[in-house]
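Labels A, B, C and D are assigned to the chains in the order they are written; within every chain, residues are numbered from 1.
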Amino acid sequence: MKVGIVGASGYSGEVLVKLLLAHPRVTLAAVTSRTHAGKPLAAVIPALRGADRGLTFVDSDPAALAAGDIELFFLALPHGAAAVYAKALVAAGKRVIDLSADFRITNLATYQNYYGEHHAPELLGAARFVLPELTPPGWKTEAKLVAAPGCYPTSILVPLVPLLQAGVISRAHIVANAYSGVSGAGKKAEETYLFVERAENLKAYGLTKHRHLAEIEEQLALLTGAPTVIQFNPHLAPMRRGIATTITVPAAAGATIASLYAAWRKAYGASPFVQLLAAGETPETAHVAGTNRVDMSAVLDARTGNFVITVAEDNLMKGASGQAVQIMNLWCGFPETAGLL
Amino acid sequence: MKVGIVGASGYSGEVLVKLLLAHPRVTLAAVTSRTHAGKPLAAVIPALRGADRGLTFVDSDPAALAAGDIELFFLALPHGAAAVYAKALVAAGKRVIDLSADFRITNLATYQNYYGEHHAPELLGAARFVLPELTPPGWKTEAKLVAAPGCYPTSILVPLVPLLQAGVISRAHIVANAYSGVSGAGKKAEETYLFVERAENLKAYGLTKHRHLAEIEEQLALLTGAPTVIQFNPHLAPMRRGIATTITVPAAAGATIASLYAAWRKAYGASPFVQLLAAGETPETAHVAGTNRVDMSAVLDARTGNFVITVAEDNLMKGASGQAVQIMNLWCGFPETAGLL
Amino acid sequence: MKVGIVGASGYSGEVLVKLLLAHPRVTLAAVTSRTHAGKPLAAVIPALRGADRGLTFVDSDPAALAAGDIELFFLALPHGAAAVYAKALVAAGKRVIDLSADFRITNLATYQNYYGEHHAPELLGAARFVLPELTPPGWKTEAKLVAAPGCYPTSILVPLVPLLQAGVISRAHIVANAYSGVSGAGKKAEETYLFVERAENLKAYGLTKHRHLAEIEEQLALLTGAPTVIQFNPHLAPMRRGIATTITVPAAAGATIASLYAAWRKAYGASPFVQLLAAGETPETAHVAGTNRVDMSAVLDARTGNFVITVAEDNLMKGASGQAVQIMNLWCGFPETAGLL
Amino acid sequence: MKVGIVGASGYSGEVLVKLLLAHPRVTLAAVTSRTHAGKPLAAVIPALRGADRGLTFVDSDPAALAAGDIELFFLALPHGAAAVYAKALVAAGKRVIDLSADFRITNLATYQNYYGEHHAPELLGAARFVLPELTPPGWKTEAKLVAAPGCYPTSILVPLVPLLQAGVISRAHIVANAYSGVSGAGKKAEETYLFVERAENLKAYGLTKHRHLAEIEEQLALLTGAPTVIQFNPHLAPMRRGIATTITVPAAAGATIASLYAAWRKAYGASPFVQLLAAGETPETAHVAGTNRVDMSAVLDARTGNFVITVAEDNLMKGASGQAVQIMNLWCGFPETAGLL
């Protein structure tokens, strides 16, 4: 099966190229980039020297891509730009997995509030937000277009959804502090992302208004059946990859650490990519680097009555490209872990 | 005035040596270390090459120190060990500033619960916990022994105390996530603190039971007049120095971001070491590295009704040795910023 | 085919486990460790959570391993300890690939001079040092025991050997400065390797007497037919993985940058793991991280008459475990890149 | 005495501001910046919060500065731009210390070859390159304009000049490999200097043609009396500050490690900023961070007949702003270490 990537010059695009080049069930047949058209992949992604199978970047005309024989496309474009490609490709019957935010939000008004104008609202009905461990399986037949979740939302939805569904935690006073590696900001040549500015440095940013809130709260509501407001505090940490999220939430009346883990085991017992650590053990971002895993654990703080949930993932893998490949695997009937383990 | 340091081979000891060597009002007359006795300071602290004024480490017999002409001692020892020296030195009429936890906790049972046996409980009455910006000034005459605050507590007490005193925030549902550089763990040759383990890595640790909780909650109660339980989640971040603390707390009824800042300005308007950043601007650990400052700011999240407070300090300066020098300055009648600006 | 690893608790052992678990042609049947016997692999190597195929560390009795049905063993032990296992396993007809220094040196006196007593000198005749791109292919049938090269030597032999063979460079005044990530020092809980000591820090070490000199100079002599003395200056750089080596060497009379590249292309044109960058482009350690590659390039400095050769490799891959797997692939008739691309 | 800084928005400008604000003998009376005019210093340099003495950036008109009462100016501008200011200020009788390359090169043709057009060649006669430990003291009365040395040249000239003068080392086959922290590249918002690109990464750059060669070789010739060609290989290391330089050079006939150290001690015995480490001990960049020191040591490699000299400095201090302040101290008759120890 031939697959293509539209727009692969950022950090998650680069990871996606590597994953698909090594994937046992698909052939990466095209990688587009306006800036780099004509250059060998390895000239732009030096990590691929000797391993790019002679592929070169091609110019990315939606109509030409739609007319070709590639069956499935990954869109690794900024939001806004993705919608334009999605329209042409879906119309041509291609499967599309979009890594941008364009189709993550079901509610158009919410999208507009957080992101501005939507360039293909007519596709929202055919699109599905898919977090493989949580989204009901109907999407595999219904979807024409799949939106892969954002990095922060994955690290928050995976631990919280089963707990809200099981009634183990309070829906009020949920506080999520998340710390991301600098690759989460993308490959932007801005002063604030320079090595000298970010090394030995840590700060909060985007407080009260980070765009991922739209997706987190909509999914919490859709998947657990009730509106849920969370305090989400994103931070930038001096590392390249990884997200560590620590969530504090009051235990529901009668809930114990055992009932929390029971809910998690029920949801994720068969999941290859969610690893539950014992209470008291905490996940570390370096342990999930390069993997498609979410590692998580929890403790109950008897003094406060809160559960403290700690989560680690690789923002470029389970938080972006790994998860997109996992979605492809499920959509196309491949083993879920193909190319990911 | 002659001062001495007992036990200076750790990271905060090293910073303390540098501060005192450069201090305009005191002479560093002795630095003790059992391990390094006889060696020049610069042989152990290479950053001091050419700048150690010929000082060598001396062996650290409490009786000999008590008999000498040094007027004030800093104890940079592990808890437990500090109490032994404090006894001898206080008995000899020396002023003592202790950087360990031994005299930070007023309540003996609390100390024993978190730290185990206390080796000089009879001194607790003569000891004062002093966070200069918050502790009422009576300590300057009452104290025979001053306990300098811990690194995490400083980053939590400075923002919270004036807000609790002013009734601007709730006393329930306070959540403090703190991220410390690795020097906070001390100079311990353990696998978990190796460069390869900690670089590109971030994790929570010590959840629900970190020893600094004892000091944080006792001081919150003493300074604000009511028991206060907080959720404190410490983390280890891949940097050498710095603590970034993010606190989420429900706004009190009617409180606004303006009333929060008014309370802070009233408490810290004249303070050289507390810097208030505008709401929306967030402090960064690199900006306070090497300074004795606490930088902090807050926003009100209208969606959740929470204030989100962000704080940065250098754990070895305002979180340890800088604050100890600030205490000395105030105790001895020097300008508060002497040797610190 | 079943393979085993003896002693896998260090950094290169960990990488080797990952490579062999994912290898398409072999089954990792045993991983030994005295310290960790009885523990699941993932309990010691958290990066393998959910991916250790249920393997647990076993105790490592040479006799028991020799009696079992595993055909090939990798020894990831300190030098000295490796020889003991090698004796038992070779005697039982097992293939052995040793990642320690024990069998890298052909000349016993040289070994003793650099490393002290040798614990299995009688095996030296049956052992072969194999750097796959350089060692003549006879080893595949002659060897009973293969010594995989050290990390620094690989980064020096790969660029230099073809140039000395082709007479393109001087044999005098060769200066190699090499900068290694901290994992090169192994997983040692010593103060000097702590995060706080090594971050933001760079230093030379082991000048004039680094043990890898023994191997570098012996191989230069054996492979190029004449004694060759080099100046080798190793350094420690603030990164986890990677070696960057910069070699200065006078061009031979009449040699040009074209003749240098011609010699390299002749030697490595068909090699999947040696990538030649254009003159003027310099390799970067991050570009080879996680790969089994050596990236290299050269310029001719007209002012000095020197070639300046720059080389990058991953010290744990091409510098250790990746190369060991490459050796296995060639020895066992697998595709050279199996499990490595 | 009032001093001013022209152009202080880069990394060395920031360090210079801090040094001058804390200097006991001068008053920082003006800091100019076109971009930041009107802003408080601390708004641009957050490390100065509460410590900028109310100073704001002012617009930088050369004529206005020339007409004012500031006696000495530091130029922290890009080369080319510095010459323009130097003309106006020198004409007005101000003392000028230039941190750019504009007046480091005595020979106009050399300057033009490496840097292009010179904008004030008529000032070359009045300008002096001053490396305080090496430049003969006549400059204090002759100079109207002083060029502070570059970062790499300082780390090469300090160790080599006394050895060439004493005839202890060969003048041929000098190889200097230097590794700089990323701040050496300046505050440039380019992809290659992003945190994600430079962390865990090390590379050579600028081989054969780095501009600092002009200054290194001219000074070697002027100070030691004979043309000297060196191989200079600069590299970028994953740290913010610091330069580590390793120099290999053949020992002169009969020279010993003792004669090398004797030459160094003769040159630097009284120097507060050059620290000689014992042979076998190697300097580390972290040990000189924030200081104005050059730490250095050497070993003789009996196998090769080379001295291996290792050097560490802080590129922003002894390599730029610290040295500029040291020059001011000497020029104005202040203690050499004023504001620097």
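A few notes on this one:
Everything below uses one rule, namely that a residue touches a chain if its C-beta (ideal position, glycine included) is under 8 Å from a C-beta of that chain, and two chains touch if they have at least 3 such contacts.
Quick caveat: nothing in here was measured; it's all calculated off a predicted structure.
The minimum number of touch steps linking chain B to chain C comes to 1. With centres defined by CA atoms alone, the chain at the far end from chain A is D. If you average the CA atoms of chain A and of chain C, the two centres end up 37 Å from each other. Centroids of chain A and chain B (each the mean of its C-alpha atoms) stand 39 Å apart. Residue positions 181, 197, 199-200, 238-240, 284, 286, 289 of chain D are each in touch with at least two other chains. Across the interface of their complex, chain B is touched by residues 11, 181-183, 187-191, 193-200, 238-240 of chain C. Across the complex, chain B meets chain A through its residues 173, 175, 177, 179, 181, 197, 199-205, 207-208, 229-231, 233, 235, 237-242, 244, 246, 248, 250, 280, 282-286, 289, 299-304, 306, 308, 310, 312. Every residue of chain C that touches chain A in the complex is listed here, in rising order: 22, 46-47, 49-51, 199-200, 272-273, 275, 284, 286-291, 293, 295, 341.
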